[in-house]
Every structure is written in C-alpha cells, then in structure tokens.
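As written, the chains take the letters A, B, C and D, and residue 1 is the first residue of each chain.
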Amino acid sequence: MKRAEIKSDIAWSAPDRVMIHGYNLCDEIVGKVDFGQMTFLQIFARMPKDDNELRMFNAVMVILVEHGITPSSLSTRLTYCGAPESVQAAVAAGLLGLGSVFVGSLDQAARMLQTAIPDPSSPGDLKAKALEIVDDYMQRKAIIPGIGHPFHKPIDPRTVALFNVAKETGYYGPFADLITLIGQTAEKRTGKVLPVNVTAAMAAVVSQMGIDHRVCRGLAVAARAVGLVGHIIEESRQPMAGEIYMRLEHEASQHLAPKD
Amino acid sequence: MKRAEIKSDIAWSAPDRVMIHGYNLCDEIVGKVDFGQMTFLQIFARMPKDDNELRMFNAVMVILVEHGITPSSLSTRLTYCGAPESVQAAVAAGLLGLGSVFVGSLDQAARMLQTAIPDPSSPGDLKAKALEIVDDYMQRKAIIPGIGHPFHKPIDPRTVALFNVAKETGYYGPFADLITLIGQTAEKRTGKVLPVNVTAAMAAVVSQMGIDHRVCRGLAVAARAVGLVGHIIEESRQPMAGEIYMRLEHEASQHLAPKD
Amino acid sequence: MKRAEIKSDIAWSAPDRVMIHGYNLCDEIVGKVDFGQMTFLQIFARMPKDDNELRMFNAVMVILVEHGITPSSLSTRLTYCGAPESVQAAVAAGLLGLGSVFVGSLDQAARMLQTAIPDPSSPGDLKAKALEIVDDYMQRKAIIPGIGHPFHKPIDPRTVALFNVAKETGYYGPFADLITLIGQTAEKRTGKVLPVNVTAAMAAVVSQMGIDHRVCRGLAVAARAVGLVGHIIEESRQPMAGEIYMRLEHEASQHLAPKD
Amino acid sequence: MKRAEIKSDIAWSAPDRVMIHGYNLCDEIVGKVDFGQMTFLQIFARMPKDDNELRMFNAVMVILVEHGITPSSLSTRLTYCGAPESVQAAVAAGLLGLGSVFVGSLDQAARMLQTAIPDPSSPGDLKAKALEIVDDYMQRKAIIPGIGHPFHKPIDPRTVALFNVAKETGYYGPFADLITLIGQTAEKRTGKVLPVNVTAAMAAVVSQMGIDHRVCRGLAVAARAVGLVGHIIEESRQPMAGEIYMRLEHEASQHLAPKD
C-alpha cells in the first residue's frame, strides 16, 4: 500500500521559536493577541479580518460558554466527585453529552440554512424558501432546528441581543432574514408560539460569517469546555454531586425493597 | 441522613433574561465582553479588575492553546477517524491525556511556588528558598517541575515572552524571581543546561495573579479544548489518522508473523 | 411541570443484601455465575435461557474483545502515556472512537437485517429481499454494512467460525441465510470479492438471538473495554506511545521548517 | 534520537487467521472459550491455569459489574440523554468517574497488602503488621482503604461470599488473614464498627492470585463498562435523565431569582 503523507500545517517549532498558523508565538501572539483572537486563529487558520468579524465571533462564543445546570454540567460534577485528581476527565465527561440532542441543533440549523442559501450574494426568494422548509418539516413531523423554546418565549432575548450585534457588525443578512421568516411561517401554520431561539440565531450569524455548518459543533465544544471548568471550580468549593447521588440512589431503587 | 443543599451560584434564567455570575447575558455580555473576558468571568466568578489583569490572563491562555502534534492531538485525530459524527468525543479523547505527565507539571510547579511563598507581600529569603527546593528535589531524585526542556534550550523563548508581559502588566514579582533562582541553582548544582520552561513561567505568573494551583489544570484544559478543535478541522480536510493506523498496525505486529 | 418517576429496576441493597436484576449477589451470583453470564444478565435483565444461548453469546463477545493496533487502542495508549494515573480515562479515550465508522457497521448491519425480516418465523422470500437490498445500496452508492473486507478475503475466517457455533447452538437461521445471499448477490453484481465479514456474521447471529440492533453497539463497547485494558497493561510494560509521538511530531511538521 | 521499537505482542492477523495472545481466534477461541476466560487471557496474556483460578477471577469480576445508581451510572445516563447516537460516549462518561474516590480504594487496598506481604510464601508476623498499618493510618488521620462501610455493616455480605469462594478455590491465604486482622485491630482501636468491605476482600483475593495492584483498576473498569451498558439500555426504555435535569436545574438556581 502506498505511504500517504502525515502532515499538519498548524504548528512548527525550533529551539528558539514556536510558529502557529504562520505567526511567531513569542513575538506576534503572546501579549498581543487575546484569547478570542487566538481561538479564531486556531479554528479558521487565519486572524479575524477586522474588528467587526472578531466582535461577531466573540458574541457567538460568549453565548455558548454557560448554560447553567444541564445534563452536561451535572455529568462533569458527578465525574469530579469520583475523580477529583482528573479535572480533564470531568470536563471530558461533560463534553460527551453535547451530541445530537443539545448542541446538535446548532449544526442542524446551520446546515438547514446553508442548504437553503448556497450563495448568500444571491439568496433568492426567501419567503418561498421558508414556506418550503416549514412544509417539509411539518410533513415529516420533525422539529425545525432552532425554532421554538420551552422557556424563553414569546421571544428568546438572546436572539435579540445577538441579532443586534449582527446588525452593528454587518453580519445581519439573508440567513437571519430566512430564519426569521421560518419562525413566522411556523407560528402561522401551527398556531403556536415559536420564537427563533438562540441556537437558530447563532446558526444564522455563523452562516453569514461563512462558517461551515460542520465547524459549528467545534465552536460549541470549545466554549462549553470553558463553562465546565467553571462548574468544576464551583463544585470543588460548594459540592452538589454527593447529595445528588444519595437522593437519587434512594429514590430510584426504593420500589424494589421488599414490602413487609 | 440530612438533606444537603443543591445550589449553584453561576447562572439563573427567566423567560426574558439569563444571568451569569451576576451579569445580564443579553445586556451586559453579548457584544460587550470578549471570549477572554468571558472565560475569566466563568472561571473566577468576577470580571478582570483592569486591562493589565486581562492582558496577563490572555497571554497565559494563548500559550496553552496549541502544542502541535502531541499524544493528546493524536488521540483526538484517531478518535475523529472512528467517530466523525461526534466532534465532542474527539475533543474529549484528546483532553483525557492532559494528566500528570503533561499538564500536571503546571499545577505541580504552581503548588511548589505557592507553598514556598504563602504570602507574596513578604516573600522572605528567595535565595535560601531556591536552594532548599533544589536540594529537596535532588535528594529525592525527582524532576523539578518546569525546570529544563529537551528542545527549547538554553532558553525557552516563551518564558522570555511571558515574563515580558508580566513586567509590563505588573505581574512580575517574587514568584518569577523564585523560579528564576531555582533554575539558576539547579544549573549550578547539576552542571546541566536547565532553562525555566514555559510551564514554570506560567506557574509563576498565575501565582502572582493569585490563582490557586488547583485551578491551573482547568485553565490548561479549557485552552487546549480550543486547540483540539483546530486539529479536528484540519483532520477533516487533510487526514492523517488512517495512515497512522495502517503504518503502526503493520509495524507493531509483524514480529509475530510466522517465519517461513 | 409534573414530577416524573426516577426509577431503576436494576439493583437494590439492604445492609445484609445486594439484589441485581432479581438475583441475590452473594447467594446466587458470586462463585456461581461467570463473567459471561453476568454480562448477559446485566444487559438483558435475565439469565441466559440455556447453554446454547450462553455459548452463542460468549462466541460473539470473545470476537469483539481484541482487534490489535487500531485507532481505538492507539488512542488508549497515547492517553495512558499522558495520564498513567487514570486507567479509566485511557479506556474511555479508546472507547470514544467506536463510532459510526468502526463499530457502527455492526448496528447498521443488524438494523438492515432486522428491517428486512421483522418476524424470523416467517422470513419471506430471502432471495428477493437480498436483491432489493443490494439494489438499494448500489443505487445510493452506499457500502452495504458488513459486506467485503480489505484483508480477510476471499473468506473472513471469523464468519465461518461464528456460523459454525450458530449451527451447533440453533442460532443459524434466516438472518444468516439473508446475509449470505446479500454477499453472493453483491459479488455477482459488482464482480468484486465481497465476503460476509465478521461484523455481518455477528449481526446475523445477534438478530437470530432476538437482540435489538440498538443494543449491538453496547455489546461491542463492553467487550472492547476489556480489550483496551489489555493494551494498557502491555503499554505499561512495553510502551510505544512516546515513540509514536516523537516520530509523528517530526514528520508532520518538518515541511513547515524554513528552507535555508 | 534513536528510533525505538513499536511492538505489540497481543495480536497478529493474516487473511485466513487471527492470532490473539498466541491462540487462533477461529479455531481455539470462538465457541470454545467464554467471555470470562477471554477477559482473563486479554488481561494476563495467558489462559487461567485451572478451574479454581478461573472461578476466583469470575467471582471478582461479577462483583464489580453493577453498583446501582452511582455518580458513574448517573453520568452515563445524563450523557446518553444528550448524545443517544453515541453509546460509547455514554459508557466513557461513566467510566471517567472511576477515579481515586471510588475505584481507587481497590488498588490502594491491594497496594497496602502487597507492600506489607511482598512474598506470601513467608508472610511474617501478620498481627504485628496489622498493628503497624492501623497505627500508621491513624497517626496520619487517613482512612484505611477497604475498612468500614457506611451501609453494609456490621458485616459486608459480599466479603463473606467472596471469602467463601476463596476458601473453596485455594485463594484464601495470608492476604485475607492480614486484612481481617487489620479490620479487627481498627475496630478495637477506634471502638467503631469497621467491617472488611468488599473492596478490601477483593484486594486480598487478587493479591493472593498474584495480580499486581496496578492491574486492579483495569479489572474494575472492564467490569463496570458492562454495568454501564446495562444502565444505558434501561435508560433508553425508562429514562430518568431528563427528570433529573429539570428538578436539579430548578433547585440549584432558584436562590438567585430576584425576591419580589
């Protein structure tokens, strides 16, 4: 079998130098580039082209960091309780739940939008596209990714905030228009309150930034890793995992106890 | 058994609002706070107190993001090759190797410094402390965490860069002095070239920032999650995992083949 | 919101007793039940109904344990090299690669067979079904799960071994017939050598045992966890991870070095 | 740098053959060896030497499989709820909590015993050793690994069951005597009820089997992987993760809600 190349363009070092994506870590990055820019550089293999792009990117990332007590942060805390020597394992355990149900809706929404508008410079008839998408999902009895929220309604305030930044930075465009039309159409068709939730808003914005839907889950995972570290630090000072364990072990198995 | 509290102070939501560490996500964070500040907020439960603190923090974080092809990034790439549908799992697999051998030296170095200087406002006789530490490790034939580097020598250029930022921001103090003295003492005692490596430099800086050594691994894990996402994106376009697998499977088992 | 039940039927304990799936651990399991039976009990919530069922189950499980140097076992070894204090993390890292590409083909093959034969007591016209399946996959230019093998050809010897056990234990039936017909049809249609590989053979056998395709990945994950522990023990005595790291780091980045 | 060997003695394949630890998978393992024997082979690189060794090994493994609703099984269930497509990730998340707090006590107990009796053929004065060990832990105010249980008291019934198998198979020896003496001494010294718990009993038995304490966590991880698959299957039919999430999210954050 022919030998294929093993090649990475990300980093290279010499004794006196570390190069990352073409930048000299010591001369051009440390002290000059912040964590948001570095995250952008590492993911897109280039620096943000201007302040607007960086600000839009930062706005998406900060929303993804923290979502409170979730299955993911609970898993992190429960893991930390059994293996406090392995902070990395507790973060990993929390990340593992960011699958099709929670974070998956972000890349699904982005894929839906990017499929509907392959070229945002000629977006086409957005009303017709919204109608077609809503029809398609309703026929398949599927949930439209990013439409509706059990709690943040009738409006998801994060959508408003994110779209405001998008307007200020020039990333409010056909993708945001399309998702808004999809939400309105879905509300009309179903008679239900179906806000464009923050996931859909992020999907619209990253699509406008030219970010491939396949990259979305990566953004979410990176941001949430930060969030989970915050939960570990709180858990180390103010633990809840032991109490959760004791309550649930009892409740879950008591029906098996012999009645006598 | 008495029922303990299950309580987190990190986040709270209402339909029209999400509060994180006391800040309104929509009004005070999105579009106003960047990813570096948000990471600081999530980990320390407060905003950076000034630009110097934020700049120092960013300098540490950007160094931690990317370390090239390592056991950790290889594990991420190999996992992605088997489960490309689970970006989160590939990141998690890479984080799991950030244990005692690699990232552990950061918290070990920070603990060593924080134990030697419990109160940096009265650091004591640093020369004597450096001597005592070097003696202690040499007697135990243990490696001093953060001292020496197989490749970046005689000077680790990242240490120079980080200490320059520390000087500019006011975080160059007794911890940096102590680690420098430890390096010099170790060189004299052993006759070897033993630079203060970037891990020790980061340990000195975060100690001067008042960051507990137990938090260090969390910083590293959060930053490296970003780095690993970059490796996944490259692997998705320019894969190496399949080739690694084929080469190594062959090499590792060929000695078991019957000779005939 | 109404409060739902939190209820598990698996285990219950009293100070003098531990009950697992209705069996008393101390009186009925320890010393009386072997690890294969216990694994069956834990997964199917009942004991094997006879020796044939247990033998068939064991035959599937032993095949799944060890597959040599794979992306999964490499990931385990690389993780162990960074975090030798966390054997559980090294196993976890290896399991994470058992996704759609490798182990996924087992549940895909089982689903294909179980969809084609919803009731094995009246399997229908298997030739017609094989033809229809092969046509469907060829039209979609998709790979038929479990058909063909890059190395074990023209026959996968594990398929022969497993089907022999199936014949001896009464689990060779319409599912095995169907997968054999699918393989033959695919060979005729494509003119390629396409053996029924061990994955397809396992899929046929577990389908005949009445095991839902959704459970298949669980069997594989449990068995492979055992395999990965074996790799960790070998790595602890005869390591390869450090050498892999050094070779690949150099090879992957050398093209970035300045030419001069 | 000299090129080191990359070599594994576990498995080797040819198109018509798979060899595992020197056995032909198709001719000597499938249909002939059960999952317990295969697990033994994979971990110790040899088959059990007789029925007694195999029975003792099986007895240890079956005890390790299932421990009810624990932080580990909760983490698995919470992960499955977010990523049901990744059974392997849910198992991995559960394994990650098997660290120093829970499973760690098994290898700690085994190390304690193996350090105290380096050569079981001349075990020395066990009473004196028990006294010395108890004194040492009491002086350091440390918990003796495997001694005492919050729930299974005054006797851990699993210890009785396991020691009975050990007596029948010839693995009840100086390690079991020593741990029993340690328990008795600790009870006398503290005046507390301190049974030899199942962890200590397993540690004594595996030490008598000649299993290195460093291998113990591997046994536990392999067995628990089976247990966690059982929890995933139950969770898929009778979920609790969603309810846990909703209850805890509310309870944890309600104190942050504005009072008005």
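As a convention for this text, a contact is a pair of C-beta atoms (placed from the backbone, for glycine too) under 8 Å apart; a residue touches a chain by one contact, two chains touch by 3 or more.
The model shown is predicted, which means the values in this text are computed figures rather than measured ones.
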> Which chain has its C-alpha centre farthest away from the C-alpha centre of subunit B?
Replying inline: C
> Which pair, C-D or B-C, has more C-beta contacts?
Replying inline: C-D
> Could you state the distance in Å from the CA-based centre of subunit B to that of subunit C?
Replying inline: 37
>> Please tell me the distance, in whole Å, between the geometric centres of subunit B and subunit D computed from their C-alpha atoms.
In response: 31
>> Rounded to a whole Å, what is the gap between the Cα centroids of subunit C and subunit D?
In response: 23
> Multi-chain contacts in subunit D: which residues touch at least two other chains?
Replying inline: 6-9, 11-13, 68-69, 83, 85-86, 88-89, 92-93, 96-99, 103, 240, 244, 248, 252-253
> Okay, in this complex, where on subunit C does subunit A touch?
Replying inline: 6-9, 11-14, 19, 83, 85-86, 88-89, 92, 96, 248, 251-253, 255-257
>> Under the stated contact criterion, what part of subunit D meets subunit A in this complex?
In response: 68-72, 74-75, 78-79, 81-86, 89-90, 92-93, 96-103, 240-241, 244-245, 248-249, 252-253
> Hey, which residues of subunit A end up touching subunit B in the complex?
Replying inline: 1, 3-13, 15-18, 20, 25-27, 29-31, 33-36, 38-39, 42-43, 45, 54-55, 57-59, 61-63, 65-69, 86-89, 91-93, 95-99, 103, 151-153, 155, 157-158, 160-162, 164-165, 168, 214-215, 217-219, 221-223, 225-227, 229-234, 236, 238, 240, 242-244, 246-247
